[in-house]
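Let me give you the structure first, and then I'll get to my questions.
By written order: A, B, C and D. Residues from 1 in each chain.
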(Lines give C-alpha, C1' and ligand atoms only; values in the text may rest on other atoms or scores of the structure.)
Protein backbone atom coordinates (compact mmCIF):
# COMPACT_ATOMS: atom_id res chain seq x y z
CA UNK A 1 0.00 0.00 0.00
CA UNK A 2 0.99 3.59 -0.57
CA UNK A 3 -0.43 6.29 1.66
CA UNK A 4 -1.24 9.46 -0.25
CA UNK A 5 -1.49 12.59 1.88
CA UNK A 6 -3.36 15.65 0.65
CA UNK A 7 -3.10 19.26 1.80
CA UNK A 8 -4.84 22.61 1.58
CA UNK A 9 -7.29 22.93 -1.34
CA UNK A 10 -6.39 19.45 -2.61
CA UNK A 11 -7.41 18.01 0.75
CA UNK A 12 -10.65 19.99 0.62
CA UNK A 13 -11.39 18.82 -2.93
CA UNK A 14 -10.72 15.21 -1.96
CA UNK A 15 -12.82 15.49 1.17
CA UNK A 16 -10.08 13.64 3.03
CA UNK A 17 -6.47 14.18 4.09
CA UNK A 18 -5.25 10.72 3.14
CA UNK A 19 -6.00 7.90 0.70
CA UNK A 20 -4.53 4.40 0.75
CA UNK A 21 -3.74 2.94 -2.65
CA UNK A 22 -2.61 -0.62 -3.36
CA UNK A 23 0.87 -0.87 -4.88
CA UNK A 24 -0.30 -3.06 -7.79
CA UNK A 25 2.18 -2.55 -10.60
CA UNK A 26 3.08 1.03 -9.61
CA UNK A 27 6.77 1.79 -9.79
CA UNK A 28 7.02 5.59 -9.74
CA UNK A 29 5.19 8.66 -8.48
CA UNK A 30 3.94 9.19 -12.05
CA UNK A 31 2.32 5.73 -11.99
CA UNK A 32 0.64 6.71 -8.74
CA UNK A 33 -0.77 9.93 -10.17
CA UNK A 34 -1.92 8.10 -13.31
CA UNK A 35 -3.70 5.56 -11.13
CA UNK A 36 -5.38 7.97 -8.72
CA UNK A 37 -8.65 8.36 -10.66
CA UNK A 38 -10.67 5.50 -9.13
CA UNK A 39 -9.62 6.48 -5.60
CA UNK A 40 -10.41 10.19 -5.41
CA UNK A 41 -13.14 12.62 -6.55
CA UNK A 42 -12.87 13.87 -10.19
CA UNK A 43 -12.40 17.46 -8.88
CA UNK A 44 -9.07 16.47 -7.36
CA UNK A 45 -7.89 14.87 -10.63
CA UNK A 46 -8.96 18.06 -12.39
CA UNK A 47 -7.01 20.21 -9.92
CA UNK A 48 -3.84 18.20 -10.47
CA UNK A 49 -3.91 18.82 -14.25
CA UNK A 50 -2.01 22.11 -14.08
CA UNK A 51 0.93 20.19 -12.55
CA UNK A 52 1.66 22.97 -10.08
CA UNK A 53 1.57 20.43 -7.24
CA UNK A 54 4.79 19.05 -5.84
CA UNK A 55 5.38 15.50 -4.75
CA UNK A 56 7.07 14.20 -1.64
CA UNK A 57 8.02 10.62 -0.90
CA UNK A 58 8.50 9.77 2.75
CA UNK A 59 8.40 13.47 3.60
CA UNK A 60 11.14 14.53 1.19
CA UNK A 61 10.58 16.43 -2.03
CA UNK A 62 10.70 14.03 -4.95
CA UNK A 63 10.30 14.18 -8.71
CA UNK A 64 7.33 12.93 -10.74
CA UNK A 65 9.33 9.88 -11.70
CA UNK A 66 10.64 9.01 -8.23
CA UNK A 67 10.60 5.30 -7.31
CA UNK A 68 7.86 4.09 -4.99
CA UNK A 69 8.04 1.34 -2.43
CA UNK A 70 5.40 -0.55 -0.55
CA UNK A 71 4.51 1.45 2.58
CA UNK A 72 5.67 4.77 1.11
CA UNK A 73 4.02 7.98 2.23
CA UNK A 74 3.44 10.21 -0.78
CA UNK A 75 2.47 13.84 -0.30
CA UNK A 76 0.72 15.82 -3.00
CA UNK A 77 1.60 19.39 -2.12
CA UNK A 78 0.01 22.47 -3.66
CA UNK A 79 2.30 25.52 -4.04
CA UNK A 80 3.30 26.44 -0.51
CA UNK A 81 2.49 29.76 1.17
CA UNK A 82 4.02 29.85 4.63
CA UNK A 83 5.94 32.60 6.37
CA UNK B 1 34.88 84.08 17.14
CA UNK B 2 34.70 80.50 16.00
CA UNK B 3 33.88 77.75 18.47
CA UNK B 4 35.90 74.61 17.87
CA UNK B 5 34.45 71.44 19.36
CA UNK B 6 36.60 68.41 20.03
CA UNK B 7 35.60 64.79 20.51
CA UNK B 8 36.88 61.43 21.69
CA UNK B 9 40.69 61.14 21.76
CA UNK B 10 41.08 64.63 20.29
CA UNK B 11 39.11 66.03 23.21
CA UNK B 12 41.27 64.05 25.63
CA UNK B 13 44.47 65.27 23.97
CA UNK B 14 43.27 68.88 24.11
CA UNK B 15 42.15 68.53 27.70
CA UNK B 16 38.95 70.38 26.78
CA UNK B 17 35.88 69.82 24.64
CA UNK B 18 35.81 73.29 23.11
CA UNK B 19 38.15 76.14 22.19
CA UNK B 20 37.15 79.66 21.11
CA UNK B 21 39.27 81.17 18.37
CA UNK B 22 39.09 84.77 17.07
CA UNK B 23 38.05 85.06 13.42
CA UNK B 24 41.05 87.25 12.52
CA UNK B 25 41.63 86.81 8.80
CA UNK B 26 40.35 83.21 8.70
CA UNK B 27 38.17 82.43 5.70
CA UNK B 28 38.05 78.64 5.49
CA UNK B 29 38.24 75.57 7.68
CA UNK B 30 41.80 75.08 6.39
CA UNK B 31 42.75 78.53 7.72
CA UNK B 32 41.29 77.50 11.08
CA UNK B 33 43.32 74.30 11.23
CA UNK B 34 46.47 76.18 10.17
CA UNK B 35 45.88 78.68 12.95
CA UNK B 36 45.07 76.23 15.74
CA UNK B 37 48.63 75.86 17.07
CA UNK B 38 48.70 78.68 19.63
CA UNK B 39 45.31 77.66 21.04
CA UNK B 40 45.71 73.93 21.73
CA UNK B 41 48.35 71.53 23.10
CA UNK B 42 50.97 70.31 20.59
CA UNK B 43 49.74 66.72 21.03
CA UNK B 44 46.45 67.70 19.40
CA UNK B 45 48.20 69.31 16.44
CA UNK B 46 50.29 66.15 16.11
CA UNK B 47 47.18 63.98 16.16
CA UNK B 48 45.57 66.01 13.37
CA UNK B 49 48.54 65.45 11.02
CA UNK B 50 47.25 62.15 9.62
CA UNK B 51 44.19 64.04 8.32
CA UNK B 52 41.84 61.22 9.30
CA UNK B 53 39.67 63.74 11.18
CA UNK B 54 36.55 65.12 9.57
CA UNK B 55 35.28 68.64 9.83
CA UNK B 56 31.81 69.91 10.48
CA UNK B 57 30.60 73.48 10.24
CA UNK B 58 27.46 74.30 12.17
CA UNK B 59 26.89 70.58 12.76
CA UNK B 60 27.04 69.54 9.11
CA UNK B 61 29.91 67.68 7.49
CA UNK B 62 32.10 70.14 5.57
CA UNK B 63 35.25 70.03 3.50
CA UNK B 64 38.68 71.30 4.55
CA UNK B 65 38.12 74.38 2.40
CA UNK B 66 34.60 75.21 3.60
CA UNK B 67 33.87 78.89 4.23
CA UNK B 68 33.80 80.08 7.84
CA UNK B 69 31.67 82.80 9.35
CA UNK B 70 31.86 84.65 12.61
CA UNK B 71 30.04 82.61 15.25
CA UNK B 72 30.47 79.33 13.39
CA UNK B 73 30.67 76.08 15.35
CA UNK B 74 33.38 73.88 13.87
CA UNK B 75 33.66 70.25 14.89
CA UNK B 76 36.88 68.29 14.54
CA UNK B 77 35.67 64.71 14.38
CA UNK B 78 37.89 61.65 14.63
CA UNK B 79 36.78 58.61 12.59
CA UNK B 80 33.40 57.63 14.02
CA UNK B 81 32.64 54.29 15.67
CA UNK B 82 28.99 54.17 16.66
CA UNK B 83 26.43 51.42 16.26
CA UNK C 1 16.12 25.93 16.76
CA UNK C 2 12.75 25.32 15.06
CA UNK C 3 9.38 25.33 16.69
CA UNK C 4 5.80 25.08 15.47
CA UNK C 5 3.21 26.68 17.73
CA UNK C 6 -0.57 26.61 17.52
CA UNK C 7 -1.39 29.61 19.70
CA UNK C 8 -0.32 33.30 19.68
CA UNK C 9 3.31 33.94 20.56
CA UNK C 10 5.39 36.99 21.40
CA UNK C 11 8.95 37.47 20.12
CA UNK C 12 10.52 38.86 23.29
CA UNK C 13 10.96 35.55 25.16
CA UNK C 14 12.73 34.15 22.08
CA UNK C 15 14.81 37.32 21.82
CA UNK C 16 15.93 37.04 25.45
CA UNK C 17 16.74 33.37 24.91
CA UNK C 18 18.90 34.22 21.89
CA UNK C 19 20.64 36.94 23.83
CA UNK C 20 21.43 34.55 26.68
CA UNK C 21 22.50 31.75 24.35
CA UNK C 22 24.82 33.92 22.24
CA UNK C 23 26.51 36.33 24.67
CA UNK C 24 29.49 36.77 22.33
CA UNK C 25 27.43 37.60 19.29
CA UNK C 26 27.16 41.40 19.32
CA UNK C 27 24.60 41.49 16.49
CA UNK C 28 21.05 40.16 16.53
CA UNK C 29 18.60 40.29 13.64
CA UNK C 30 14.96 39.45 14.20
CA UNK C 31 12.36 39.14 11.48
CA UNK C 32 8.68 38.80 12.26
CA UNK C 33 5.79 38.30 9.87
CA UNK C 34 2.37 39.30 11.16
CA UNK C 35 -1.20 39.14 9.95
CA UNK C 36 -1.96 42.62 8.70
CA UNK C 37 -4.80 44.42 10.40
CA UNK C 38 -8.13 43.54 8.71
CA UNK C 39 -6.67 43.73 5.26
CA UNK C 40 -8.36 43.52 1.89
CA UNK C 41 -7.60 40.45 -0.15
CA UNK C 42 -6.95 40.71 -3.90
CA UNK C 43 -10.67 40.44 -4.60
CA UNK C 44 -11.38 43.38 -2.33
CA UNK C 45 -12.89 41.25 0.35
CA UNK C 46 -12.18 41.97 4.01
CA UNK C 47 -10.12 39.22 5.62
CA UNK C 48 -11.16 38.16 9.11
CA UNK C 49 -8.40 35.64 9.82
CA UNK C 50 -5.93 33.20 8.34
CA UNK C 51 -5.73 29.45 8.62
CA UNK C 52 -2.30 27.89 8.46
CA UNK C 53 -1.97 24.21 7.61
CA UNK C 54 1.27 22.26 7.40
CA UNK C 55 2.72 18.81 6.85
CA UNK C 56 3.76 17.66 10.33
CA UNK C 57 7.08 15.87 10.23
CA UNK C 58 8.09 17.12 6.80
CA UNK C 59 7.79 20.75 7.94
CA UNK C 60 10.24 20.15 10.77
CA UNK C 61 12.77 18.31 8.65
CA UNK C 62 12.68 20.91 5.85
CA UNK C 63 12.97 23.85 8.26
CA UNK C 64 15.76 22.24 10.24
CA UNK C 65 17.58 21.59 7.00
CA UNK C 66 17.18 25.23 5.91
CA UNK C 67 18.57 26.35 9.27
CA UNK C 68 21.50 23.90 9.04
CA UNK C 69 22.30 25.21 5.55
CA UNK C 70 22.24 28.80 6.84
CA UNK C 71 24.53 27.91 9.77
CA UNK C 72 26.99 26.41 7.31
CA UNK C 73 26.76 29.17 4.74
CA UNK C 74 27.01 32.20 7.06
CA UNK C 75 29.17 33.00 10.08
CA UNK C 76 26.37 32.96 12.59
CA UNK C 77 26.21 31.50 16.06
CA UNK C 78 22.51 31.05 16.82
CA UNK C 79 19.25 30.61 14.94
CA UNK C 80 15.69 30.32 16.18
CA UNK C 81 12.70 29.96 13.88
CA UNK C 82 9.11 29.84 15.11
CA UNK C 83 6.10 29.27 12.85
CA UNK C 84 2.49 29.53 13.85
CA UNK C 85 -0.20 27.16 12.56
CA UNK C 86 -3.98 26.99 12.96
CA UNK C 87 -6.34 29.94 13.09
CA UNK C 88 -4.47 33.25 13.20
CA UNK C 89 -6.08 36.62 13.82
CA UNK C 90 -5.12 40.13 12.73
CA UNK C 91 -1.93 41.47 14.36
CA UNK C 92 -0.83 38.05 15.52
CA UNK C 93 2.57 36.69 14.56
CA UNK C 94 2.88 34.11 11.79
CA UNK C 95 6.64 33.62 11.76
CA UNK C 96 9.73 34.66 13.66
CA UNK C 97 13.36 34.30 12.56
CA UNK C 98 16.14 35.25 14.96
CA UNK C 99 19.83 35.15 14.08
CA UNK C 100 22.84 36.06 16.23
CA UNK C 101 26.30 36.71 14.81
CA UNK C 102 29.49 38.62 15.44
CA UNK C 103 28.91 40.79 12.39
CA UNK C 104 25.63 42.28 11.31
CA UNK C 105 26.00 41.45 7.62
CA UNK C 106 26.04 37.70 8.31
CA UNK C 107 23.05 38.00 10.63
CA UNK C 108 21.04 39.99 8.06
CA UNK C 109 21.97 37.65 5.21
CA UNK C 110 21.18 34.50 7.17
CA UNK C 111 17.80 35.82 8.33
CA UNK C 112 16.88 36.66 4.73
CA UNK C 113 18.17 33.31 3.45
CA UNK C 114 16.06 31.44 5.99
CA UNK C 115 12.92 33.46 5.20
CA UNK C 116 13.43 33.09 1.45
CA UNK C 117 13.66 29.29 1.59
CA UNK C 118 11.00 28.98 4.25
CA UNK C 119 8.67 30.74 1.79
CA UNK C 120 9.48 28.46 -1.14
CA UNK C 121 10.27 25.11 0.46
CA UNK C 122 8.52 24.68 3.81
CA UNK C 123 5.20 22.84 3.46
CA UNK C 124 2.88 25.45 4.94
CA UNK C 125 -0.37 26.58 3.35
CA UNK C 126 -2.23 29.75 4.16
CA UNK C 127 -5.96 30.22 3.75
CA UNK C 128 -7.45 33.70 3.83
CA UNK C 129 -10.86 33.65 5.41
CA UNK C 130 -13.30 36.50 4.87
CA UNK C 131 -16.96 37.21 5.40
CA UNK C 132 -17.88 35.81 1.97
CA UNK C 133 -15.66 32.76 1.92
CA UNK C 134 -12.13 31.49 1.98
CA UNK C 135 -9.33 30.80 -0.43
CA UNK C 136 -5.91 29.22 -0.35
CA UNK C 137 -2.89 31.30 -1.24
CA UNK C 138 -0.18 30.04 -3.56
CA UNK C 139 3.52 30.72 -3.73
CA UNK C 140 4.15 34.27 -4.91
CA UNK C 141 6.43 34.86 -7.86
CA UNK C 142 8.38 37.40 -5.80
CA UNK C 143 9.12 34.73 -3.20
CA UNK C 144 10.16 32.26 -5.87
CA UNK C 145 12.65 34.80 -7.21
CA UNK C 146 14.01 35.60 -3.75
CA UNK C 147 15.06 31.98 -3.23
CA UNK C 148 16.45 31.70 -6.77
CA UNK C 149 18.77 34.59 -6.01
CA UNK C 150 20.53 32.43 -3.36
CA UNK C 151 20.62 29.36 -5.58
CA UNK C 152 22.34 31.42 -8.26
CA UNK C 153 24.97 32.50 -5.72
CA UNK C 154 25.62 28.90 -4.64
CA UNK C 155 28.71 27.17 -5.88
CA UNK C 156 27.47 23.75 -4.83
CA UNK C 157 24.74 22.00 -6.74
CA UNK C 158 21.95 22.15 -4.21
CA UNK C 159 20.88 21.91 -0.62
CA UNK C 160 19.15 19.09 1.14
CA UNK C 161 15.92 21.06 1.42
CA UNK C 162 15.77 21.90 -2.26
CA UNK C 163 12.81 20.89 -4.32
CA UNK C 164 13.60 18.83 -7.38
CA UNK D 1 11.92 58.00 14.97
CA UNK D 2 15.36 58.62 16.50
CA UNK D 3 16.22 58.56 20.15
CA UNK D 4 19.42 58.82 22.17
CA UNK D 5 19.31 57.18 25.59
CA UNK D 6 21.85 57.23 28.40
CA UNK D 7 20.69 54.22 30.37
CA UNK D 8 20.05 50.55 29.51
CA UNK D 9 17.08 49.90 27.22
CA UNK D 10 15.15 46.85 26.11
CA UNK D 11 13.90 46.39 22.54
CA UNK D 12 10.46 44.99 23.31
CA UNK D 13 8.71 48.27 24.17
CA UNK D 14 9.97 49.71 20.87
CA UNK D 15 8.89 46.56 19.06
CA UNK D 16 5.39 46.81 20.48
CA UNK D 17 5.27 50.48 19.55
CA UNK D 18 6.25 49.68 15.95
CA UNK D 19 3.65 46.95 15.80
CA UNK D 20 0.93 49.31 17.01
CA UNK D 21 2.05 52.14 14.73
CA UNK D 22 2.24 50.00 11.59
CA UNK D 23 -0.71 47.57 11.76
CA UNK D 24 -0.77 47.18 7.98
CA UNK D 25 2.90 46.37 7.66
CA UNK D 26 3.05 42.57 7.87
CA UNK D 27 6.88 42.49 8.05
CA UNK D 28 9.08 43.79 10.85
CA UNK D 29 12.88 43.69 10.94
CA UNK D 30 14.73 44.50 14.12
CA UNK D 31 18.48 44.82 14.43
CA UNK D 32 20.19 45.15 17.79
CA UNK D 33 23.86 45.66 18.52
CA UNK D 34 25.01 44.64 21.99
CA UNK D 35 28.21 44.79 23.98
CA UNK D 36 29.67 41.32 23.76
CA UNK D 37 30.14 39.48 27.02
CA UNK D 38 33.55 40.36 28.52
CA UNK D 39 35.29 40.25 25.20
CA UNK D 40 38.96 40.51 24.40
CA UNK D 41 40.08 43.61 22.57
CA UNK D 42 42.58 43.38 19.70
CA UNK D 43 45.46 43.66 22.17
CA UNK D 44 44.15 40.66 24.09
CA UNK D 45 43.01 42.76 26.99
CA UNK D 46 39.73 41.99 28.72
CA UNK D 47 37.17 44.74 28.17
CA UNK D 48 35.12 45.75 31.20
CA UNK D 49 32.81 48.27 29.53
CA UNK D 50 32.39 50.74 26.70
CA UNK D 51 32.02 54.48 26.77
CA UNK D 52 29.99 56.07 24.02
CA UNK D 53 30.41 59.76 23.26
CA UNK D 54 28.53 61.71 20.61
CA UNK D 55 28.00 65.19 19.18
CA UNK D 56 24.64 66.30 20.57
CA UNK D 57 22.61 68.10 17.93
CA UNK D 58 24.65 66.89 14.99
CA UNK D 59 23.98 63.24 15.90
CA UNK D 60 20.25 63.81 15.81
CA UNK D 61 20.27 65.68 12.50
CA UNK D 62 22.53 63.12 10.80
CA UNK D 63 20.50 60.17 12.06
CA UNK D 64 17.18 61.76 11.16
CA UNK D 65 18.55 62.45 7.71
CA UNK D 66 19.69 58.81 7.29
CA UNK D 67 16.20 57.67 8.33
CA UNK D 68 14.52 60.12 5.94
CA UNK D 69 16.72 58.86 3.10
CA UNK D 70 15.79 55.26 3.93
CA UNK D 71 12.07 56.13 4.01
CA UNK D 72 12.41 57.67 0.56
CA UNK D 73 14.56 54.93 -0.92
CA UNK D 74 12.64 51.88 0.33
CA UNK D 75 8.93 51.05 0.56
CA UNK D 76 8.74 51.06 4.31
CA UNK D 77 6.15 52.49 6.64
CA UNK D 78 7.89 52.90 9.98
CA UNK D 79 11.40 53.36 11.34
CA UNK D 80 12.68 53.62 14.88
CA UNK D 81 16.35 53.99 15.77
CA UNK D 82 17.65 54.08 19.33
CA UNK D 83 21.29 54.66 20.24
CA UNK D 84 22.80 54.37 23.68
CA UNK D 85 25.47 56.76 24.98
CA UNK D 86 27.55 56.91 28.16
CA UNK D 87 28.97 53.94 30.04
CA UNK D 88 27.70 50.64 28.63
CA UNK D 89 28.25 47.24 30.24
CA UNK D 90 28.52 43.74 28.77
CA UNK D 91 25.25 42.40 27.31
CA UNK D 92 23.63 45.83 27.23
CA UNK D 93 22.23 47.22 23.99
CA UNK D 94 24.17 49.82 22.03
CA UNK D 95 21.83 50.34 19.11
CA UNK D 96 18.41 49.28 17.88
CA UNK D 97 16.98 49.66 14.38
CA UNK D 98 13.37 48.70 13.73
CA UNK D 99 11.73 48.82 10.31
CA UNK D 100 8.16 47.92 9.32
CA UNK D 101 7.09 47.30 5.73
CA UNK D 102 4.60 45.39 3.63
CA UNK D 103 7.34 43.25 2.13
CA UNK D 104 10.26 41.75 3.99
CA UNK D 105 12.88 42.62 1.38
CA UNK D 106 12.30 46.36 1.82
CA UNK D 107 12.39 46.03 5.60
CA UNK D 108 15.67 44.06 5.53
CA UNK D 109 17.27 46.43 3.02
CA UNK D 110 16.24 49.56 4.90
CA UNK D 111 17.48 48.22 8.25
CA UNK D 112 20.85 47.41 6.69
CA UNK D 113 21.02 50.77 4.91
CA UNK D 114 20.37 52.61 8.16
CA UNK D 115 22.97 50.60 10.08
CA UNK D 116 25.55 51.00 7.32
CA UNK D 117 25.27 54.79 7.27
CA UNK D 118 24.90 55.08 11.02
CA UNK D 119 28.27 53.33 11.26
CA UNK D 120 30.01 55.64 8.80
CA UNK D 121 28.25 58.97 9.22
CA UNK D 122 26.75 59.37 12.70
CA UNK D 123 29.11 61.20 15.09
CA UNK D 124 29.43 58.56 17.80
CA UNK D 125 32.73 57.45 19.30
CA UNK D 126 33.28 54.25 21.22
CA UNK D 127 35.94 53.76 23.86
CA UNK D 128 36.85 50.27 25.03
CA UNK D 129 37.78 50.30 28.68
CA UNK D 130 39.75 47.43 30.19
CA UNK D 131 41.66 46.71 33.36
CA UNK D 132 44.88 48.16 31.94
CA UNK D 133 43.52 51.22 30.20
CA UNK D 134 41.22 52.50 27.52
CA UNK D 135 41.33 53.21 23.82
CA UNK D 136 39.11 54.82 21.25
CA UNK D 137 37.90 52.76 18.32
CA UNK D 138 37.98 54.06 14.76
CA UNK D 139 35.78 53.38 11.77
CA UNK D 140 36.31 49.84 10.49
CA UNK D 141 37.18 49.29 6.86
CA UNK D 142 34.36 46.74 6.62
CA UNK D 143 31.87 49.39 7.71
CA UNK D 144 33.26 51.90 5.24
CA UNK D 145 32.75 49.37 2.45
CA UNK D 146 29.22 48.54 3.57
CA UNK D 147 28.14 52.15 3.12
CA UNK D 148 29.98 52.47 -0.20
CA UNK D 149 27.93 49.58 -1.54
CA UNK D 150 24.77 51.73 -1.22
CA UNK D 151 26.41 54.82 -2.67
CA UNK D 152 27.40 52.77 -5.73
CA UNK D 153 23.78 51.68 -6.16
CA UNK D 154 22.50 55.27 -5.96
CA UNK D 155 21.47 56.98 -9.13
CA UNK D 156 21.40 60.40 -7.49
CA UNK D 157 24.58 62.15 -6.53
CA UNK D 158 24.39 61.91 -2.78
CA UNK D 159 22.32 62.18 0.33
CA UNK D 160 22.05 64.98 2.81
CA UNK D 161 23.86 63.01 5.48
CA UNK D 162 26.84 62.22 3.27
CA UNK D 163 30.28 63.27 4.26
CA UNK D 164 32.09 65.39 1.75
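Brief remarks on what is shown
One rule holds for everything that comes next: a residue touches a chain if its C-beta (ideal position, glycine included) is under 8 Å from a C-beta of that chain, and two chains touch if they have at least 3 such contacts.
Keep in mind it's a predicted model, so treat the numbers as computed, not measured.
Without chain D, the rest of the assembly breaks into the touching groups A, C | B.
If each chain is reduced to the centroid of its CA atoms, chain A and chain B end up 73 Å from each other. Distance between chain centres (mean CA atoms), chain B to chain C: 49 Å. Once the centre of each chain is set as its mean CA position, chain C and chain D turn out to be 24 Å apart. Multi-chain contact residues of chain A, defined as those touching 2 or more other chains: none present. Looking at chain C, residues 33, 115 sit in touch with two or more other chains. If you check each pair of chains against the touch rule, the ones that pass are A-C, B-D, C-D. Remark: chain B residues 5, 7-9, 11, 52, 54, 56, 59-63, 75, 77-83 touch chain D in the complex. Every residue of chain D that touches chain C in the complex is listed here, in rising order: 11-12, 15, 19, 23-37, 39, 90-91, 102-105, 107-108, 111-112, 115, 142, 146. Residues 33, 52-55, 57-58, 61, 83, 94-95, 115, 118-127, 136-140, 143, 161-164 of chain D are the ones that touch chain B when the two sit in their complex.
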